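Once you scroll down, you'll see the structures, which are given as structure tokens.
Both of the next two complexes hold subunit A, though its partner changes from subunit B to subunit C.
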Partner chain A sequence: MPKYILKRCIIAVFTLLVLITIIFFLVRLLPGDPFNDPKVTDEVRARLEAYYGMDKPLIQQYFAYLGNLLKGDFGVSLIYTGRSVNSTIAQTFPYSADLGLRALGLALVVGLILGTLAAQKAGRVIDYVCVLVAIIGVSMPDFIIGALLKLIFAIKLRVLPAGLWNGFSYTILPVVALSFYTLALITRLMRSSMLEVIHQDYILTAKAKGLSNFQVIWRHQIRNSILPIVTVMGPLVAAVLTGTFVIESMYAIPGMGKFYVESVHDLDYTMVLGMTAFYGIFLVSANLVVDILYGIVDPRIKLAESKQKADDGEEG
Partner chain B sequence: MTETIAGKNTPNIELTDELLQRVGKNTEEMNKVVRPSLTYWQDAWIKLRKNPVATLGLIILVIYILMAIFAPMLTPYSYRTNNSRAMNLEPMQNSEDEIAAAAESGEKLAPHIFGTDQMGRDLWARTWMGARVSLFIGLAVVSINTVIGCLVGGVAGYFGGRADMIIMRIIDVLYGIPMIILAILLMVVMGSGIVSLIVAMVAIGWISSARLVRGQVLQLKSSEYVLAAKTLGASDMRVIIRHMLPNISGILITNMTMAIPNAIFNEAFLSYIGIGIAAPMCSWGLLARTGAALMEIYPYQLIIPAFFICTTMLSLNMLGDGLRDALDPKMRGKY
Partner chain C sequence: MKQSKLLLLVFLLCLSLCIFAACAQEETPADDPGTEEGSSEASGEFTVEELLQNKDFRLALNYALDREEYVAVASSGLYYPGTRFVLPLVAGAETTYAEEYPMDVYQSTADLELAQQHLTAAMETLGISDPSEITIKIKISDDEGNRPIAENCQDQWNRNLGINVEIETVTYRAMLDDRVAGNFELIYAGWMPDYDDPYTYLSYFVSTNAQNGGKFSNERYDELVNTANTYSDKATRLAMYAEAEQILLEEAGIVPLQVRQRPWAYANNLKGIVRYYLGPTVDYIYAYFDGQEEQDLSFSQTDIPTIDPQLFNASASYVAIKGYSEGLVHTLGAEVRPGVAESWEIAEDNMSMTFHLRQDACWSDGSPLTANDFVYAFRRLADPNTAASYSWVLSEVKNATAVLAGEMAVEELGVSAPDDYTFVIEFDVPAPYYLSFLDMPPFHPVKQELVEQYGVDYASSADTLLGNGPFVITEYLVDQSITMVPNENYWDRESIKLDSVTIHVMDQDAAFDLMRTGELDLADIPVDVANSYLEDASLLPDHTAELFMDGAVDWFCINMSGSTTGANN
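So, the complex of A and B:
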């Protein structure tokens, strides 16, 4: 187990290093020199020079940049005087985190319930409804869901606010839009993994010894079929985070995603790079946590690996 | 020859030649083929056709592809011609100016089947032009990913040893880089356009197919027929092309079908946030973006591209599910 965690940590560190290196050298590949743009004010230039050490050779600049990131300094805006990446993140990230956590929570709860329900009632109407929700959710990009929800509930029916982030009623549409894809994926996964568990002998045993239906589902079926969900939590966090770019812009939520998209539009290169570095670090860390969690949660990891090898050998 | 056995307690049976036939192995009977011999692909095709959901997906996709090729020719309007006198028309309408002009010149006026956008461009032409771009990008990205994945994963899996170890370490490290973040970054640096989109999506996208191919090759490497081929003196090249490739092609095709909706989604996403395709070129994602901006007044401008994006992704997902069952050799003969 410690070896597994150590290996994951080393890989994560290298991943971050590669990502940051790409980020650093990409800006040098930009056509022309964005730092010499007449739009860039003298004050910003001075701050950029201080940050990157632009009078020094490239390789020293690179290490200066790495050092800055290690200190938690993500740089300054190229266009707006006095705006730094750090202050922007500090201002906007709480909104994004709030939105993202709500969406992830909703997706997990509803997805698990729908998936469980579908598997319990396999082949019945409820099952088909759940499968339909799942397949529609996977096929509908969040920007379309978001736009349609806004069109129906905010513009046509006028029952919910069309934007901003001022209270619970404001959160409903964006959270639902953001969680839809994730919810569908979890439903699908949960259904198929539970269908496998349902026919195991220990379920029969549990029923035979007189456990109630609820207890069988809660104590035996859900616990044994939830593992595949843990494995996809990393990509799901990434999907929700990407979704915030669109949903926050669409619903005028003052979060980091909206700001990121605006910086991309403004061609505020240093802002984009700084925020990308932050997103990269965030996602790689999230993946690392999920990987480690998976190792802890699943006592069968070792067993499954050796079984897999045995299976491969048999087939070969 | 007929004789009668007459004895105690035995019934009177007449023994004929017919009754005295030899019963045993009959080579002719044994060689008779009961089921028509089917190749792997024929078998898969039959199974796919028996799956109504997958067939529906396939039909919708074929229609969309045909429309993407031919539909722009069915209308006199170009996807990029602005017309300030026919802006934001509802579907199947013409502006008064157009009707007056047509009445003057005596020409027959073609309707704007999907209406026009805020620049007066015909949305039917734009939608199917967008279909070309979106479908092409989806197909191109996934094909390139698969080719690179086959090369890298094949080398790692087949030759193993140090090559495998180095490649796998690199893949482990790269796999953690969030794809969409890197794609956004690359798009910002390269500027918008079809080529940049493809490059940005291939940059990380090849990794998952490389992992898939490596796993499959590793499994096949120890199979008997590969051993037999090698014993008979087949070269590595021949083993890979004749034996391994056909055996992983089913899984590869399924994987490609499932990856295309992702690529289409990513293209739409990047175009939607404004760094994918730039006007006057168009893609479904860009159409959805311009449509969403005007949805309060002209909802059809959003609903039309949204409908096509969703149904395409839905069809590909349905087809992919069907293909997975149809191409699984373990399910062979199970109808």
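So, the complex of A and C:
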């Protein structure tokens, strides 16, 4: 197992390096440059470029950036004068993570329940209701759900705030809006995966053993059908926790989302890179955790792992 | 083992591709200029460059446009049809410049007869038999809102002149570069004013201005705009500017498009908010709520990149900085009021300004504020090590260009403090318009001691800055909100009626919704829905909806340089 984890870690670092390299050069390919404001004179522009080290050859800048990255320094924003990318992430990430975790929790709980319910009652009214919710969730983008929820509950009924992030009541609408897609995805995955499991022989065996219905569902069906959910959790965690432009700007939540979009528009090179690297680190580590979790959830994977180890031993 | 080798190979491939692409891009602008452009357009005997250099053709473009039509189409009639270059609101000697110097070169409606005459004349000169042989290209940025205008112009020119128009979309940043480089035929352009004087607009088309990428060039225009500033009498100057503007329009150096207006709404009992084309987009210093005990103002800006006065680089920062900081003068709408300076004199030759600071001026902690604090702030702005993107505001100040380039010490900058309460600015060129400029944050004082103590962290939180304005910042959550309360040491404390001001940072649409639910007291109305709110007051019963001109004028810049690929710039 440790060897397996080490190998995954090395691949993860390598993936990040490739990601950062590609983004570093791609972002420079965008036309224009961050200082070409119509009011900024050429002299000032040249001074600014020198100040931020952008007058040096690109390859030199690349290695300087990698060097700083090793020290954990994402650099200084070109647009938000006097502000480092690190401090921007430190300020905005907690809000995005808070929103994301709540949404993810809600999606997991409700999604698993709906999925299980739908599979158990396959072909009946409850199943159709659950599937309908799932289809709406998957096909309706968050900006429509978010806007609808806001219009109904905040502007027409005035029961919930229309934005900001000042307490529990402020979190309800954005969390529901953000969780909808994930919730629907989990419902659908859970339903189809459980339908497969339900017809397995060992379920029949478990029932024959005289286990209660609850025990059959809890110990045999859920545990065996949850694997696809674990698989999608990796990318989902990374995507949801690192901020969503639409929901955050719609509900005036001071999270990271807007920096992804605006830094590209503003050509804030260091911010684009910092945000991408941060997201990359998150995505890669979430996938790493998922890989490790597989072993815990499904013992068969651990078995394959140890069998491979035995093979390696023989070779050596 | 094989797998890792393969990965390494893929990585190296990506790396080399990226480097190759990046290097290739740097070289492309130097590629053979103009050959491609020339051949594609030269279906007849003429080139598009000759066409754009032809005054009759440019006039035809202008006369063929019904400006009311695209204003109705593109901005639902919110914007003003632009028939001239300088913003109508700019101050005149008595009233406004536009009222004192009316111009009727272009009307807001089309004059098709005149357009046809000029087109025929242009076609004769260039030997074109049919207008359909003509194809011109409009370049716009991919920002929302530009496209409907470009499409309507395309349609109108095609309909009214019979010529073909293509639209090319590039990113905003690329458009800025192309505009300066002269890499366009017609390009979308806009300008925000810096001070209350026609010069802020008209200097754009002086032939030596680097911004003038279309190379409009007229000797008389240059002479008028460049020498007007030497006259101390405002009426004389304005008459010269008006003559220059008339030349620009008669020569059809531009196709004026529109004057922008911004829809906004505010709580019915909120008074004293000033929104004007100069100064902060929201001036709330003297605001108050009528007939209400609670005096807490709350509104939002889309982005506040910094609140360090000298590092200022976006208009939203202006709104925040103006609350806790004050410059020599204080503009309120069109009025220039005393700020830290009680009075001032402008030299007869417009080459210097002397300010007399009030003796009771002090920082919010009670320590005295002197002319030396201004000297320090100006030098900090000019210092190349500050890397202030707004250091261009010093351009006219004596020695500023050399200081900014690092060729001269900051001490050589033309600002001085003969005594603690006198501050003098000297200029390299006459700059009578500079006074209203001085309200801008980069000119605000900062305390040397604190700037040096906190270094890069200066103004990064409420505890690492010191101001002298009407309010003090009690809480600064970067990218989230700024909270201020009145500054008890402010010299004009009794005029401040608000008990607190909170400026949130959020998206414009979100702000509008929060205003409707009562959490914000004022907000801009999204342009696409503004008309219904402006027309039907019952939709916003607790609020008043209005329009204000924010100073932006838009036009198509015409490339008259003789090369549409930027080869002549």
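In the analysis below, the second predicted complex is superposed on the first by the 244 of 316 C-alpha atoms of A that agree within 3 Å, B and C clash if a C-alpha of one lies under 4 Å from a C-alpha of the other, contacts with A are read in each partner's own complex, and residues count from 1 in each chain.
By definition in this document, a residue touches a chain if its C-beta (ideal position, glycine included) is under 8 Å from a C-beta of that chain, and two chains touch if they have at least 3 such contacts.
Bear in mind that the values here come from a model prediction, so they are computed numbers and not experimental data.
By the document's definition of touching, both partners, subunit B and subunit C, reach A:M250. Shared-chain residue A:L29: touches subunit B and subunit C both. After overlaying the two complexes on the shared chain, residue contacts for A:N287 are found with subunit B alone; subunit C is out of touch. Of the two partner chains placed around the shared chain by superposition, subunit C is the only one that A:E43 touches, whereas subunit B remains out of contact.
After overlaying the two complexes on the shared chain, residue contacts for A:I144 are found with subunit B alone; subunit C is out of touch.
According to the touch criterion, the shared surface of subunit A, contacted by subunit B in one complex and subunit C in the other, consists of residues 11, 14, 18, 22, 26, 29-30, 150, 155, 249-250, 265, 267. Within the complex, the subunit A residues that touch subunit C are 11, 14, 17-18, 21-22, 24-26, 28-44, 47-48, 51-52, 58-59, 79-83, 87-88, 91-92, 150, 154-155, 158, 161-164, 249-252, 254, 258, 262, 265-267. Subunit C contributes residues 7, 10-11, 14-15, 18-19, 21-23, 25, 170-177, 179-180, 191, 194, 210-211, 300, 303, 305-306, 308, 311, 313, 384-385, 387-392, 395, 401, 404-406, 456, 458-460, 477-480, 504-507, 509-511, 513-514, 516-517, 519 to its touches with subunit A in the complex. For subunit B in complex with subunit A, the residues that touch the partner chain are 172-178, 180-182, 184-186, 188-189, 218-223, 261, 265, 268-269, 272-275, 288-289, 291-292, 295-296, 299, 302-303, 306, 309-311, 313-314, 317-318. The touching residues of subunit A, counted against subunit B in their complex, run 11-12, 14-15, 18-19, 22-23, 26-27, 29-30, 135-136, 138-141, 143-144, 147-148, 150-151, 155, 238, 242, 245-246, 249-250, 261, 264-265, 267, 269, 272-273, 276, 279-280, 283-284, 287, 312-313, 315-316.
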